[in-house]
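Per-chain residue numbering starts at 1, and chain names A, B, C and D are given in the order in which the chains are listed.
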Amino acid sequence: MEALEMYTVDPNDDVYTEELKLNLGPQHPSTHGVLRVELKVDGEIITASRCDIGYLHRCAEKIGENVTYLQFTPYTDRMDYLASMNNNLAWSLTVEKLLGVEAPERAQWIRVIVAELNRIASHLIAFGTYGIDIGANTPFFYAFRERESIMALLERPSGARMLYNYVHPGGVAHDIEDGWLEDVLAFCDEFEMRWKEYNTLLSHNAIFIGRTANIGVIPKDMALDYGLTGPVLRASGVSWDLRRDVPYLAPYDDLEFDVPVGEGTHGTLGDCWDRYWVRMREMMESIRIIRQACPRVPAGPFMDKAMNRMYKTPLKPEPGEAYMRCENPRGELGFYVVAEGGTSPIRCRTRAPSFCNLSVLDALLPGTMIADGVAIIGSLDIVLGEVDR
Amino acid sequence: MNETDIHSKLAGAVVSGVGALDESAKDPFVVVDPGSLVPAVTFLKNDADCRMEMLNCVTAVEREDCIEVVYHLSSVTHRHSLTLKTRVERPAGGTHESWIPEVPSVAALYASADWHEREQWDLLGVRFTDHPDHRRILLPEEWIGHPLRKDYVYPHEHGGMPLDLDAVPLYERDEATPSEPAAPRPSGTPLVQPPNPNSDRPDAGGVAPADSDGDLRSIKPGSNDGGGH
Amino acid sequence: MTSLIAFFEGLGLEGVLALSAAYALCIASLLGFITVYAMFAIWMERKVAAHIQVRYGPMETGAWHGWAQSVADAVKLLFKEDLIPPEGNKFLFWIAPAVVFCGVFAGFIAIPFAEGMQIVDLHLGVFFIMAIASVEVIGVIMAGWASNSKYSLFGAVREAAQVVSYEIPAATALLVPILVVGSFRLGDFNAFQADHGWLVLYNPFLTVAALIYFISSLAGCKRAPFDLPEAESELVSGFHTEYSGMRFSFFFLEEYASMFVAAALTATLFFGGWNLFPWGGGWEPAPLAPVILISKIFFFIFVQMWLRWTLPRLRVDQVMAMGYKYLVPWAFVCLIGAAWFEYMGWGGLFS
Amino acid sequence: MGVLNNSLPDIGPVRAVDSAIGWGRKSSIWPMTFGIACCAIEMMAVYAATFDLDRFGAGVPRATPRQSDLIIVPGTVNAKMAVRVKRLYDQMSEPRYVIAMGACVCGGGPYVKWGYNTVKGVHKIIPVDIFVPGCPPRPEALMDGILKLREKVGRNQVFARQAQTAADMDGRYAAAK
């Protein structure tokens, strides 16, 4: 940023530059959907920015207040559409907390496997689209190739390709078929090989490191102040993972996994490369979790019997409220539900990780170049469906 | 520390306005007066034993008799969390959207509160006093009403874009004979335009031309704005 | 050219008439060549990209591997609405693609495909190509400015900065073989390399110079990793954001044509021209010369495509830093080093 | 072409020119890089290696509306976005085609009842050529939609007068195939 310091705008000078207003989005190739950022630029350098969101506001919270608890599950799919399983899981856990029930053990282990598979799928999109943002198109195609395998795996128990509606309050919607776990393990072996390929192609590429290292640095205090969570927080050096620190599913206690934290390998702690690299390493941790979990899935029911009976009439929790949070691929997804005895809650609040992670953007952009701005937006890995809900 | 310890520390430190801890709830919560919200949050953030570094979520809840604002705080250092609530009673007659409750903003303490509070203003119409940038966030600035209120009336169209299922498509509309305006909705209270606190325009809250608010948004269509690449 | 004029004179045309007939024939055949080549190159680019990206690319249009894909694209673009932004400068917007195309088109006339098989045998051939190729920048700036779009303007300014900066290392690197051969005439390079082997192997400085020229030519052709003027993830489509239909296809054509010129210079100046083997020769049958040269050119075009679909894009300040901090000094080092080697009489691996 | 549009008699040579243009257009439908919501991910899957839309010559996503022929509207359009979608459509150059992808875009989808903010179908805003329902449609469904669009584009008449009878239409359809 040394260029910026000697670059001051003074209209009294004989030669001075004017600021230009540049509008990024809502239709722009690299705003990851319909984010709109209004920029003031001085040449290539951004001097001020303002996020404008809401281009995908789909009234999810209003719908949550009008439909039953079970009916809301598919709407959670459509919030973070890259990690539907994790969203289903968070919602189911919230309703279970409200009802005071717990899913049977088999369901819990299945939930862990599908959630981690979906975490990999989500990080693969982050990897692929980040490559496009930086100007390398090929990683996207590689990422989608493996993502298709994951989708095929998740399609078998759930019946859907992308928005699964699979994890329900009280368990999972269907049992897994025989042989599915073996296929998951086979995928793990294949993926490990592919992962190395990605690193050869993109992660350690000198141009890629040059574009992402030292860019968009989020210090630890700033990250906490903005309520950032997930890989974005961990890249800033805060070891905070709800799976480990606030275990919301019993199996996570029994599983061994590391929480990757940013190290500032190629630049400063908390820069874009760190965020990218934390995601890449998290994929391998997820593989590790799946490998441990697959042999340990116990026999038994996949759905709570009492809950299954309750589905015949809409669920009616006692008046009360519950806040449940889960570690999603993008960070802490929280559902805050207030029930007053009816078949639908009176308030159904979503604490979306992308929403909080995006709020830091306006603080990061000033002083960077336009190309860096694209790199920063990509490294935050937002999903607009979740930002706007 | 668990919630009880935090509550006793908090009750001891802040002079007034901290209610009892409701331990029967699934997430035990403390109710504080709106007036003592900022001191309470400041204490929770700065006290060495509490260290609530992170404000996870700000939620406004419309109840029968009041609007509640719920703060979920958590500490990364000590791995504990607390739910804090503040309540604004509904005045007599304040049943519809004209009633705008006011709660002090904590955006000066937590940067994350900025967007959360804007969202609650946008969707539920809770005004956060001293908020640095008190605008709508999800809906367009000229939107009428706050949709998560229980008595919200759904609009038929916005900014020329039809929102009804049976609306006539834009390109099939005959300019000479405009289509019949949709019949007014049978139920619901009359639409009252809420005042826009952060605008100096006299017609704030009314129908304004798109993208005409704020200095940055004044990029006009035709130059290089909005939808166009 | 002279032989063509003689041919027309033999047909009974005189003086100016024979000259203009010869020129018309040349221009027509060149236009045809460029169009056919560009269509093939675009198809090739899509296939190369697809195979790098574990897919097939065009398969349906035409029967065999989508060979007619570019033809269909051309037909489509020909019959597409031609939009001119009402707020922009209509005349400049209209003429910019032509200016861009003319610059590159003129570069083709000096390329020798075989002994005597070139339109004009210029004594300053290398110089001419370098100079005329720079005209393209003017057209791009015209396009960016006349579009009345901020993204176009950004793309145009980036192009201006980048191309002008990379002319310096490119020209300096080209001076190295010129110094060794002692001529600007492109035909002389072929003759020299027939005697002494490929110049890229002549001495180490020429090897580095070849690399520097190739990298600079990538920047000159706006190819990745230097495709900043049309960086899709940042500037939508850069300077041609507002162009549609046929006018847009001229920019397409220009990009591929300039790739050809750059690859032709690389092949002629450093990689033996139409001499097949690195140790020189000149004994290949004459009809094979164009085949050899064009194969080499397509190899370099393939390398350009390969790089494009593998590497991420540099940032604008990194592009400048790379040009001025690394390429320019190294180009001068090569120039001085090669001069020293020539003075000492060293070099010439195969001579 | 302007005045010549659909004004020449429907005879053999004109028809041949028309079908050549139709062949060019249908073989080279360049979509716009445009993503809104969930469906955009499935749309990306269609471009990606497994499905590879480029086989049909449609895999050149252009970022600018000026150069694109097809706008796939992939995901819920709300009041704020609808203005932009309309403007994008207006900025495209003729001939332009629209595919409505997904239930939300075809008619409101899951948000039809309680969505105070959503436009119930993008056909309220811009004319749509092909509807691809599903939430989200599988990539195969979108591929099918694009193939249907190819058929539609291929039998379009540029110069010749519009077909008058159904039999005439069928003849053209067979010829275009």
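Following the convention adopted for this analysis, contacts are C-beta pairs under 8 Å (C-beta built on N, C-alpha and C of every residue); 3 or more make two chains touch, one makes a residue touch a chain.
No experiment lies behind these values; they were computed from the predicted model shown.
For the pair chain B and chain C, chains touching both partners: A, D. Comparing the chain pairs C-D and B-D, the larger number of C-beta pairs in contact belongs to C-D.
Set against the Cα centre of chain A, the chain with the most distant centre is C.
Chain centres here are Cα averages; for chain C and chain D they lie 36 Å apart. Inter-chain spacing, taken between the CA centroids of chain B and chain D, is 40 Å.
We define each chain's centre as the mean of its Cα atoms; on that basis chain A and chain C are separated by 44 Å.
If each chain is reduced to the centroid of its CA atoms, chain A and chain B end up 24 Å from each other.
Residues of chain D found to touch two or more other chains are 33, 48-49, 63-64, 80, 84, 88, 116-118.
Among the residues of chain B, those touching two or more other chains are numbered 139-140, 147, 224, 226-229. Shown for chain C are the residues in touch with two or more other chains, namely 53-55, 150, 232, 236-237, 241.
On the chain A side of its complex with chain C, the touching residues are 3, 20, 22, 28-30, 44, 131-138, 141-142, 145, 201-202, 205, 207-208, 210-211, 369-372, 374. On chain A, the positions that touch chain B within their shared complex are 21-23, 26-28, 36, 38, 40, 48, 50, 52-54, 57, 59, 61-62, 65, 97-98, 222, 224-227, 238, 240, 245-246, 320-323, 325, 332, 334, 336, 338, 346-347, 349, 351, 355-356, 359-360, 363, 388-389.
Those residues of chain D whose C-beta lies close enough to touch chain C in the complex are 1, 20-21, 23-25, 27-28, 33, 48-49, 52, 54-57, 59-60, 62-64, 66-67, 69, 93-95, 158.
Across the complex, chain B meets chain D through its residues 139-140, 147, 152, 154-155, 158-165, 167-171, 210, 221, 226-229.
Residues of chain D that touch chain A in their complex: 33-38, 40-42, 44-45, 48-50, 63, 75-76, 78, 80-81, 84, 88, 110-111, 113-118, 135-136, 138.
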